[in-house]
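By written order: A, B, C and D. Residues from 1 in each chain.
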Amino acid sequence: MLQFVSLLVRTLFPQRSTHMDTATKQSLDFNTTTFPNQRTDAQALKAAANEIRRDIIRSLVRAGSGHSGGPLGSADVFAALYFGGVMRYRPEDMHWSGRDRFVLSAGHMAPVMYAALANAGCFPKEELGTLRKFNTRLQGHPGRDMHLPGVETSSGSLGQGISIAVGMAMADKLVDHSDRRVFTLTGDGELQEGSVWEAAMSASHFKLDNFCWIIDNNDCQIDGRLPEVMNVYPIVDKCVAFGFDTVVVDGHDPDDIMRGFDVFLTNQANGTGKPTAIVAKTYMGHGVSFMNDKFEWHGKPPSHDQAVAALEELAKM
Amino acid sequence: MLQFVSLLVRTLFPQRSTHMDTATKQSLDFNTTTFPNQRTDAQALKAAANEIRRDIIRSLVRAGSGHSGGPLGSADVFAALYFGGVMRYRPEDMHWSGRDRFVLSAGHMAPVMYAALANAGCFPKEELGTLRKFNTRLQGHPGRDMHLPGVETSSGSLGQGISIAVGMAMADKLVDHSDRRVFTLTGDGELQEGSVWEAAMSASHFKLDNFCWIIDNNDCQIDGRLPEVMNVYPIVDKCVAFGFDTVVVDGHDPDDIMRGFDVFLTNQANGTGKPTAIVAKTYMGHGVSFMNDKFEWHGKPPSHDQAVAALEELAKM
Amino acid sequence: MAHELLGQKPTRFGFGEGLVTLGERHSNVIVLGGDITGSVLTSMFKEKFPDRFFSIGIAEQNATTIAAGLALSGKIPFFASYGAFCALRNADQLRISVAYNEANVKIGGGHAGISVGPDGATHQVLEEVAFLRTLPNMTMLVPADFEEARKATIAMGEMHGPAYIRFGRSPVPMFTTESSPFEIGKAQVLTDGTDVALIACGAMVWESLLAAQELAKKGIHARVINSPSIKPFDFATVTQAARDCGAIVTAEEHQVHGGLGGAVAECTAKNAPVPIEFVGVKDSFGGSGEPEELMVKFGLTWREIYASALVAMDRRDRGSSGVRAIKDVPQAQ
Amino acid sequence: MAHELLGQKPTRFGFGEGLVTLGERHSNVIVLGGDITGSVLTSMFKEKFPDRFFSIGIAEQNATTIAAGLALSGKIPFFASYGAFCALRNADQLRISVAYNEANVKIGGGHAGISVGPDGATHQVLEEVAFLRTLPNMTMLVPADFEEARKATIAMGEMHGPAYIRFGRSPVPMFTTESSPFEIGKAQVLTDGTDVALIACGAMVWESLLAAQELAKKGIHARVINSPSIKPFDFATVTQAARDCGAIVTAEEHQVHGGLGGAVAECTAKNAPVPIEFVGVKDSFGGSGEPEELMVKFGLTWREIYASALVAMDRRDRGSSGVRAIKDVPQAQ
């Protein structure tokens, strides 16, 4: 005979704690600031990057899971991309047929893309608070099925987004003969996926000077530093050997990032037939000192106290 | 009501014609010559390569399907590998635990590996006549399930064998701490597979100076020349950027091929920690003038008349 | 219904012709080559529409995902290679970039099944139907002959969403005509019996007709069903067959696990449980040889279908004891 | 038989512990890392046997094929990653370099199923059981809890040949003990009923026990069967259950097509056709959320099993008309 021992009174999966006390709630709240997308100075881009970083912290602490390190580290690149007049889009109509496109190949970095899109005005910043929650449009990894404005494709399996971006750039340049641009961002650990090199080979084969590949070179991945986990260096030589006009930039210096994008824009304008790779030297978790350059922060959210500390530090920047 | 119209009298798949008239049968027969594996001169390696080429023709014309171009073009490399004292093996015991290993990553080139093994005495040359036939040990692509001596692994899906070879070299160097060597041969079209670059990255990451990667650079693949189908050039820059000591050799000059292998042997002897890539410049179909440098011969067998002509030409070389 | 042998032709030619028709009808159809364009007949499209053909080389992951990018840009991209490589080398890409994205990507998987012949096991894909059938949003088609392959290709190009078509290398009997019905999601009843149902796809449909002809000589009237649409699956027609016949044989050039047989077994278990015998490859890899030899060796002829029909009917009429594995297929006499 | 809740723990910890035991017993066990060693607990082995651990980085194709090379050199290599990437990104490698080679390669596929939670659909693999089940020479295991995962890991390490184990991220109920039987190829009857059989794997075994408990309150005695060995499959135990109960519910954290449900449907169709209801993910992708929320949303709780049992019995007792798709699962009350 079977005996069951109080089986039903139980929680199959313990709920994560996402409780916040009201005292500090204010500083964790989303505001309604948005930023315009135009050629501007380093100061303005820094301000945008700072707001993106704070929104990353705000959304992650609410989510109770997710990736802090990569998103914080690439916030300056995203600020330049979305608010430096590089990528052409209409926040009120992200389906505008003339838009340039951004594909997040490193799908786990979704929080920074979501924060950039919200700060561009593509959707209410409040919604950043739903990151990773049940039925959210802000899926843990971008899900095209959720129709969040600005999310061009699902991603989350490393090494796929860059190929999707190549396909888009082929459609633009080789089929539609338009001047639309396609940007993609991969991680540096992601370079270990062979499919990345298939994509790279094809981008130069098809002379896609409308294709801009940003590599977030933070020298970190989940298990440690790149040379220990699987050495991808020399990155620049690889990109060059695969046919890219390759430029290395300080990924935390807005002017230097813009210099990188200008190389790309010039390549396209001059019809060089060369795709551009921008190797952005960054630090994982940059902007939050206790996360800075620490691979342990690849896939962790801040605790409530850590979030408060991070926001305070960022407010002073 | 159903009506069937003489359905059963039919051949579902028409049989290929493999008929040979007895008059020319002699020249198409396999002989029993074998070759020793030792440091030797170019003349001896040329003789071995010539016999390999003739056996490729003999087996393919019997098979009535299969790949002529790659196998003929890489015969000189195989001659040096199996008969130049580079790879250590015992033809009478291909399971000898001290043997070096060869992995044919370009599985479709099986005919040249089979011919080399038969000419080494690993199995009767007669058996080359069963290539691609029902229940043969000489499967269209190497099948480990058939236990042909010298076939270390199944292959046929491009870009896998090289990774298997890396795994073997890791076992030898990093686990068993033996001085066994592992050789692999990929095609040049095969370089389009991203998994090849994953393998390459890991070979240098693990400092596998016991690992020798031969690239059959015939500039041909099924659909045409490499730069048209998908440009893999510059091959050398790619190999170097992926951490290989890379040497380019004339793949039809035994001395130059041996120079390449010597670079590898020196790397291993000196413990440089660098894997070696040998880019062998070859011509598809080399040795048979009407096939020479013609990508159309990638996957075709010679007709009976073409086989006779090819054998006559080879006999004069 | 008459089922005449109209000749022999590989299904891949139907794919090639269908592509050309699509190219003529729709300016946004794009074809990607995987360095075997001659084998899978994308060469026909390339010749007619060189501007809409792009060679990606030997990089099935990239081709599949580039196709997704093209689809997200409003194109209708087809990528074709051998099924071993364009259903499995790119499986993750198919799952995420194609299926999860609901990208309008079309894949043509050639050289499917044992009848590939001398190339051997690596090239004889026998597993992909099972995988593709589990992918949400995916349409999966296995046409029976040249003409049906042509129609299926056109149909998949003109529907919206991810789709895969499976076709073969070697010539197989032609018996459907321009006027034969074809619709995604529908199976066709080819003969009207109620004694046993023979449900097949691909080249095994013709073998099922042959088996039915032999059964007819014994007074057994088999309902032969052609089920080219593995997904969406025609539950109604298969359920009806189970209810009317009470015994089923499935036949496919695929592993006996998870493919058409699996779909039929799930359908009947859900709607009308009946004995089924599964004709297919018995959980083994293929090998080199001539197609005809191999089809006999691996038990993919009308004979196994015939013998299985007798067993299935016997099981229906008298029950059975013992326990048999799915791959225990009655020996052909 | 008592089935006590002994706590909660993710099955992945059983994998991690099993690996360490194997490392202690066999000096030729090697582990390959795929940059998520902490998530899939290969980190435990790495810590104890740093010399026998190799980090391959984010390159699942390479890791799988390197494993094949190691195996062909007499090693017993394990490679583990998320199932989405180590069953599908490397599908072609699994088919040819591992399965066709009969290489002694062991794969650990973590983060399987919906219970992955907030990471969302891309990471929630729900298709790999169907694929792996079709590969010849492959052993495929889906343990129900921590302890069974530990045993299964050791068992697969100590058998010869390709094998895959599926495990999950989130804590799930523990109820098997050191003395519970586990054998590759065998299912275990956990409760003895003859009214309906509930056949499950993974975390759904516990849910089946819960469903059985509720059914018992109505006087319905369910036979709960834990089927961790998807391949080889225990035809005898499942056939016996079909014969004894005449109605079956299958339950798995996988698509309703092609997985355990598919295996049971094929088995019964072959040996003892009975009505089956399939509890699983209904041909859709997952999404973000907490595991508990998602298991409810996607219909993966004892409630659906309970409701399905009533439907299956009803179908057995009174037959049914109409045609339902596999994914038409009775609503939980």
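Convention: a residue touches a chain if its C-beta (ideal position, glycine included) is under 8 Å from a C-beta of that chain, and two chains touch if they have at least 3 such contacts.
Computed from a predicted model, the values in this text were never measured in an experiment.
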| item | value |
| --- | --- |
| B-D against B-C, pair bridged by the larger set of C-beta contacts | B-C |
| Most remote chain, CA-based centroid, reference being subunit C | A |
| Rounded Å distance, subunit A centre to subunit C centre (Cα mean) | 41 |
| Centroid distance [mean C-alpha coordinates] between subunit D and subunit A, Å | 34 |
| Set of subunit D residues in contact with two or more other chains | 56-57, 59, 61-62, 84-85, 89, 92, 96, 100, 121-122, 285 |
| Interface hub residues of subunit B, defined as touching at least two other chains | 143, 145, 154-157, 159, 192-195, 198, 201-202, 205, 230, 232 |
| Chain-level touch network, classified as line, ring, star, complete or other | complete |
| Contact set on subunit D toward subunit A in their complex | 1-5, 8, 33, 35-39, 55-59, 61-62, 84-85, 89, 115, 117-123, 170-173, 191-192, 203, 209-210, 212-213, 216, 285, 287-295, 297 |
| Of subunit A, residues touching subunit C in the complex | 103, 143-145, 152-157, 159-160, 163-172, 174-176, 194-195, 198-199, 201-202, 205-206 |
| Contact footprint of subunit A on subunit C as seen in their complex | 28, 30, 52, 54, 56-57, 59, 61-62, 64-75, 77, 92-93, 96-97, 100-102 |
| Complex contact set, residues of subunit A against subunit B | 159, 192-198, 201-202, 204-205, 230-232, 234, 237-238, 240-243 |
| In the complex, subunit A residues that touch subunit D | 2-8, 10-16, 63-66, 107, 132-136, 138-141, 143, 145, 154-159, 189-190, 192-194, 221-223, 228-230, 232 |
